[in-house]
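Next come two complexes built around chain A: one with chain B, the other with chain C.
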Partner chain A sequence: MSATLEFVRASRWYGQVIALNDVTTTIGPGVTGLLGPNGAGKSTFLKLASGQLAPSQGEVKMLGRAAWGSPELFHRVGVCPEADAFWEQLTGLEFVTGLLRLTGYDEAERRQRAENALHEVALLDAKDRKIGGYSKGMRQRVKMAQALAHDPEVLLLDEPVSGMDPVNRRRMVDLVRRLGRAGRTVVVSSHILHEVEAMTRRVLLIHNGRILAEGDVREIRDLMDEHPHTVALRARDPRALARVVVAMPHVISLTFGAEGEWVTVQTARPDELYGNLAEAAESAGVSEMYSPDENLESVFRYLVAG
Partner chain B sequence: MAARDTSKPVPFASAARGVFDLALEGMVWSGRTVVMAGLLALPVVLAIVYRLVLAKYPAARLSPLDLYGRLVVFFYLRFALPLTALFYATALIADEVEGKTLTYLLTRPIRRESILAGKFAAYVVTTLTLALPAVVVTFFTLMTVSGRANLGGAVPDLLRDLGVAALALLAYGALFTLLGVFLKRPVIPGLLFIFVWELFLPSFPGYVPRVTLTAYLRSLVRHRPAQEGVSEIFAQVLPTALCLEVLVGAVVVGLGASAWIFSTREYVMDQ
Partner chain C sequence: MPIYEQTYRRHEARGPLRRVRFWPITREALRLILARRAFLILLMMSWLPFVIRVIQIYVITRFPEVNRILPVDGRLFGDFLGWQALIAMFITIFAGAGLVAGDLRTGAILVYLSRPLTRCDYVLGKLAVLLLLNLFITLVPGLVLYLLALGLAPDQFGKWSVAWIGPAVVVDSLVISAVISVIALAISSLSRSARVAGIGFFGLLMGLEITRKTLYAIYGRPETALVSPLGALYSVGVALFDLADRALTLPWLYTAAVLALLSAACLLILRSRVRAVEIVQ
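So, the complex of A and B:
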């Protein structure tokens, strides 16, 4: 894999706080998920990659050049920041064309490119409305449009689908996957595992400023499946459900919820639990089921403790 | 379509112009502009009141020219223009940092100096647009109290005042831009500069007044009022060439230092 983005023993601290600690990694074409809980160092990673911050120690290279102090790189790099921040008085079209102007395009080309990018994120109909009047999802999409409009080789996307409705989330995921398939280098940060999983199988796990693991997202899933897993079940007859569940050898604990309908089960083998539940679910009238462990934070707690 | 050279940043002038266009509308249509326009228009209100009062009491002691001179020296040069410069220029970068929009500018293939140049140009256009018409309206409101007979002779003074006002906005603007890129909270130091340094040092004897911008700006005003208080500086009117050199020098040094600091500092830590 040829390296588009390279971190070599890169650290970044803010005063006494270490935001990124001795990170060495390379990222090449395709989609790479940057996965970690809030405060893990994902945004610092992306700001170092986009040359908005300088490493306190080590090196960060983008397309073979030092990311810090190389503004010419942004002909080839697009950045979608996390912050919900805009010049609110501008329309969507003015926002994208204004930024394209700073990328060196002439008037005709910037209008054409801006409209293409707004079309890509399904905002063409709202292009003449002021951003101040956009919904959260529209604001997220116009931010994406400005990152895409100059057709960059590298895209750094900080929580790009946050706040989007399911339809546009799906559209955005498809767009990211398409860009990856087209040979673009796309780095997407998120703190939600299934969000990243929908876009790519290649992930960097980041926690407390360190790269905890990198590789296939299925390996992360495997790690998840081995750690004590919590499942919450809502049943018409929770006592009947509890009788069945507690007899399973892999079940570690079982608690009844305060409202009486919910049973929370902790198991060492979630796959077996799900397999064994089918029969019990029918007899006890299970109507809802979810796993609070889908939250990445618990995975990281488990991995770090392990 | 013209081919872009992607191995270099966008040319400085083109980038600065782009930033100027993005910045101007936001700067003009802001709450800050409403407040500053009100402040800069106060002499207009005063001039209208003077006209109305003078019409009733023709024996008023203060001549229109005298009042105009006092407004230029005491109100505009000493107070309103430095304050206008403070509130706009310190915010040039701070507004983008606080609003978290600086990222959009920093992730474009442009030199950081061009961001500052574009923003400063927008500041100059905005503040000149607010200040100069107010001076002109004040002048004509006062100078036509007794008809237009003596107006022609005073117009060169007006033009000179407009030039001095523009220089004041440039010099204070450059200085406060420097404060804005250097300090996280520049307003209090800026206020101290205006209301302590610039207000009291001109009253000191000898060469001390020369470390203020006020000394040079007021030396450039031709129609100084008859009474300007205890200020020693009025005894020593500095040569015009020296004043221009110092004020232009302040602009160049202020902007140069601001550009250097802005191009080497990180500004997105909290975003």
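So, the complex of A and C:
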């Protein structure tokens, strides 16, 4: 494993307010979702990662160097901020080429790179229109284009699909996944769980400036043994199934679904439940089984509530 | 711990920082400012005093008797730059109020700071915008006027005894432009609204100038010039061009110290304000 981004006991506070508290984590190539409600510390995390804020305590390293005070890193890092109200009088192409000028490319290369990036985000047709006339989704995409245009190894994306329509959202999700598969390190922040879930299974949950959990969604679920796990079962004879399940000592509750075929079981030991179900599943005719807990929404709810 | 998927790919991103990094920021900001017609008109109007002074020099060289009423010497340039300082203040309000405030309001500062630039480059880039505009209305007309005076009245301005006028024009213009620019930029960084920053800048300079005049009226001491940036700038002109103004005649070291301290304070403000925006609830 080679970590691209490393936080070592990093904290950031503003006066009495702690925005990020004693965070230690590493992020490597691929897509990592940064999840948390508004005000959780996601933006502070990204600003520390992108060297735009200095940690009040601890260390933040990007590509092996201190993120703060290393502007040369930005040849290799692309940042897509949440705000999008800037340079409304510029066209999409002028916006991207203007920022490439700051990176130091010559005129021809700037144009080429800008057009490639705009093509990547499906905005080439609108490149000569003013950003002021762009829709919310187009603004998000033009911001993405400026982050991509210099071909960075690391991408830090703050709420990149916020305000997008479903088609563009799908397009952006696909792009992020593609970038991750290509070996780039992509950190995507969002407070909308299913958006992140569509991009990656690797998540980092932040709440009140602390990392609540990190890893694969299923790994996170496994960490939450103290929380009841929910398993939904669809059976031909739900009452027969309920009789068997309710006798299991680890089962906490059982409810019948509205359509009469589904039984939802809450258990403290999901592994035992799965093991014990084999016999009952056959007699009661269990045809479908899934765990709603694997949905990020549930995981997040559990962790924040806990 | 998770195992990261890694695929080799060659990155073309460059390594070291370039030498001159602030210029694209200046260039882009100038382009946007000069695209405003109202500003261009204002900029052209800032040269009106120059035209008047050219006429003055022309008339005096043609009719030498007028020279007794309106002498053409170093004082003409000092007066001229004094007026230009006032005009520079207005130009700076229009051009500079939103330079940092706008970026803080829209979050554009995050985009700038996520490029291979230092915060110093950002400040330099924005400062250069105001410096260039202010030099355009102080140094450029000042030097052109001096050259015109040399051409029209070589017997008066071609002497070694008045050879100091040229360098004095350069020094006064640089001091006026630098001080006004750095104050405007610092005030712009204190607000997210260009309007508030503009009013703040105007209010501060004019408020302190009124205070200076009031204090001078009460105490009659030239040191009162040090409470106002404009007063201190006028006092530099008085010292450089040997103008007769008791209210502003001060040892140049005092004025230089106050202006240096003021500029340093403005740079400190910029240092603390130019950074990623964070909203703490």
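Following the convention adopted for this analysis, the second predicted complex is superposed on the first by the 219 of 306 C-alpha atoms of A that agree within 3 Å, B and C clash if a C-alpha of one lies under 4 Å from a C-alpha of the other, contacts with A are read in each partner's own complex, and residues count from 1 in each chain.
Just so it is clear, a contact is a pair of C-beta atoms (placed from the backbone, for glycine too) under 8 Å apart; a residue touches a chain by one contact, two chains touch by 3 or more.
Computed from a predicted structure; not experimentally measured.
S.K.: Do chain B and chain C fit side by side on chain A in the superposed arrangement, or is it a clash?
M.R.: Aligned through their shared chain, the two binders clash on chain A.
S.K.: May I ask you to decide whether A:Asp106 touches chain B, chain C, both, or neither, giving the answer as first, second, both or neither?
M.R.: A:Asp106: touches chain B, not chain C.
S.K.: Chain B or chain C: which reaches more residues on chain A?
M.R.: C
S.K.: In the superposed arrangement, which partner chain does A:Ala278 touch: chain B (first), chain C (second), both, or neither?
M.R.: neither
S.K.: For A:Gly183, select first, second, both or neither according to whether it touches chain B, chain C, the two together, or no partner.
M.R.: After superposing on A, A:Gly183 lies in contact with chain C but is clear of chain B.
S.K.: Which parts of chain A are in contact with chain B and also with chain C?
M.R.: 14, 47, 50-53, 71-79, 81-83, 85-87, 89, 98-99, 101-104, 146
S.K.: So in the complex, which bits of chain C are touching chain A?
M.R.: Touch list, chain C to chain A: 1-9, 11-18, 21, 24-25, 28, 32, 35, 103, 105-108, 110-118, 121, 275-276, 278, 280-281.
S.K.: Can you tell me which positions in chain A touch chain C when the two form their complex?
M.R.: 1-2, 14-15, 17, 19, 28-30, 39, 43-44, 47, 50-53, 71-79, 81-87, 89, 98-99, 101-104, 146, 150-153, 156, 180-184, 202, 215-216, 219
S.K.: Name, in rising order, each residue of chain B that touches chain A in their complex.
M.R.: Those residues of chain B that touch chain A are 1-2, 4, 6-10, 14-15, 18-19, 21-22, 25-26, 29, 99-101, 103-112, 266, 268-269, 271.
S.K.: For a test of understanding, state which residues of chain A touch chain B in their complex under the given definition.
M.R.: Within the complex, chain A contacts chain B at residues 14, 47, 50-54, 71-79, 81-83, 85-87, 89-90, 98-99, 101-106, 108-109, 146.
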